[in-house]
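See the structures that follow.
Presented sequentially are two complexes of subunit A, the first with subunit B as partner and the second with subunit C.
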Partner chain A sequence: MSSYDSSAISQVRALRTPGGVQAVVVTLQGEVDLQHSPAVRQQLIDEAGKRPGRLVVDLSAVNYMDSSGVASLVETLQRVRGYGGELILVNPTARVRSIFEIARLDRIFRILTDLGEAMGE
Partner chain B sequence: MPEEIAISVEELVKSFDGHVVLDGVNLQVRRGETMVVMGGSGCGKSTLLRHMIGSIFPDSGRVVLLGEDLNELDGAGLDRLRLRFGILFQSGALFNSMTVGENVALPLVEHTELDPATIEIMVKMKLEAVGLREHADKMPAQISGGMKKRAGLARALALDPEILFYDEPSAGLDPVTSAEIDQLIMDLSGKLGVTSVVVTHEMDSAFRIASRMAMLDRGRVVAVGTPAEFRDSADPMVKQFINGLAEGPITARRQESNYEEDILGVSPRHGR
Partner chain C sequence: MTSRSAAAPVMVRILSDPKYLCVARSAAERFCTLAGLDAASSHAVGLALDEALANVIRHGYEGRCNQPIHIEFDRVEPGPEGPDPALRIRIRDYGCQVDASAINPRDLDELRPGGLGVHIMRSVMDEIRWRRRGLTGMELEMTKRIAPSAGSAGGCGQERS
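Moving on, here comes the complex of A and B:
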């Protein structure tokens, strides 16, 4: 993990929703591409391993994501669903959202426009 | 070079065995646009494409791709640049000893250090984008020509290229699959800003996908413009080509050639 470029990971916060659900918010930034996605993947796998009820990935500061970044999110979704949790993506830019659309994944992920909404009930 | 130009072809000249195939080609492809290159058989469009991807080099002139002069790159430089563009060959060019999925995974396995789990998901995404996800485990021999072409496109997309080159993407495809491929080309350009160069004869497809079009004739670019400009063109050669007319300057040229001399054996080439 230490050999990965983790500069696309801006912040990781453990929170509780108003209803008491344990949540983790991972905020990504910049470019999630071949260079950065291995670190993002590892971070997300580590967070999913703690089995929070809700794993929220804030994409609002991501200006570019390639297929390897999307694939890392898919793998995270597999794991979170595997233990009965929920993965929510928040506020992707139009360009990042298009990558999900082209891969026909926009219907598989829960994508919200607002972090407050993702942390609500 | 301005940032908005993805590919600049400048005064490109190429001859094979004394026969001039490219005779001073100039063409600029802007970032994010879909440039359709068309022209009759033997007009030089495939040769132009091969220069753009750095598989052959000109006698004179140059191709500047993503800011790099291909004439000045060494082998390693070219290999690095090739990771930034994808090519869909006419046949799909799959490896017959690998499954469809393994073919798509190949560039990812060879050129990245991604986890196999990530690669597996990426392969599914690329195959889904071309409608072949259910066929990942088949061998190329088990799928149709159109499916091979789509698999080739999935492989060309594997590394999320900035530029995609297509050699006759619609040839041999049924109309629905052809329309799907056209839609994908348009989505890649419109939504992701991928620059595309498409060599094609298929006029319906060309007018559907092109941001701009270029027509080659006898090794030169004779017209460049938007689809609307081509439709409205008064140039007899452009009109004949895009409307598929049997009569016009292209065929007249053929009729004016030395058929009589040739068949009667009086041509200087054959002597007497």
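Moving on, here comes the complex of A and C:
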């Protein structure tokens, strides 16, 4: 396989919600496919390892995602739930949302349309 | 007897490196549009192709990035194989051979990473068939029917003046 390509990770921010919950917002961009998902997976696993109360993944700038990207999010969801945290996906495009619907994961993930709502503002 | 093809097939050859998946997806989406599929269906077919190629890279070639993959896109006109025109994609690799009957989607009620690719391919395409080819590799043929009301094939979106 190629070495990890981290260009799909735009930004990682550590924040605190108005309610005082420690939160991390990971902003992804571009195409999260087999080329980019290993780096995305590693970043998300690293962030989950810090055990924030809320891990938010902003998908608004992702224009393509395949099952390898979805698998990274499923693995992260399992880890976050494992320590009692919450994973929230924000604002996926219709195309990205469609793969969650095909995989019937739109009922498993908490998917919101607004980053402010995800932060509890 | 096989169905007549409306136009010459388009063939794309890539190496089994994930960085070329975007090239194959783009080619698929553009061909689908030319063949008469709408934008959403063209995107879905690109996704199905992506999943098929990812399986070839991960399982057929076990992660090796310098192996050949041949992709052929074709629009098949109504005939003995079906009453509607259809988009047909063939993917040929030269990697590990597997028992085609053992390639099945997993139970979606089980929440775990991975194993979604075959489900996605079967959800998007109307027919999927794997077969062993010769002594090495597999050929995957995927077909998606094109609704009769869809636009005609072969146009480039421009009229000659």
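In this section, the second predicted complex is superposed on the first by the 117 of 121 C-alpha atoms of A that agree within 3 Å, B and C clash if a C-alpha of one lies under 4 Å from a C-alpha of the other, contacts with A are read in each partner's own complex, and residues count from 1 in each chain.
The rule is simple: a contact is a pair of C-beta atoms (placed from the backbone, for glycine too) under 8 Å apart; a residue touches a chain by one contact, two chains touch by 3 or more.
Worth saying up front: this structure is predicted, and the values here are computed from it rather than measured.
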Subunit A as common anchor, with subunit B and subunit C clashing or fitting: clash
First (subunit B), second (subunit C), both or neither touched by A:31: second
First, second, both or neither for A:108, with subunit B first and subunit C second: second
Which superposed partner A:74 touches (first subunit B, second subunit C, both, neither): both
Which superposed partner A:86 touches (first subunit B, second subunit C, both, neither): neither
Doubly contacted subunit A residues - partners subunit C and subunit B: 33-34, 66-68, 70-72, 74-75, 95, 98-99, 102-104
Subunit B-touching residues of subunit A, taken from the complex the two chains share: 33-34, 37-38, 41, 66-68, 70-72, 74-75, 95, 98-99, 101-105
Partner subunit C, residues of subunit A touching it in the complex: 1-2, 5, 31, 33-35, 64, 66-68, 70-72, 74-75, 77-78, 95, 98-99, 102-104, 108
Complex interface listing, subunit B residues touching subunit A: 112-115, 117-119, 121-122, 125-126, 128-129, 157-160, 184, 187-188, 191-193
Subunit C - residues contacting subunit A, complex: 17-19, 21-22, 25, 40, 43-44, 47, 50-51, 54, 57-58, 63, 65, 108, 111-114, 116-117, 119-120, 123-124
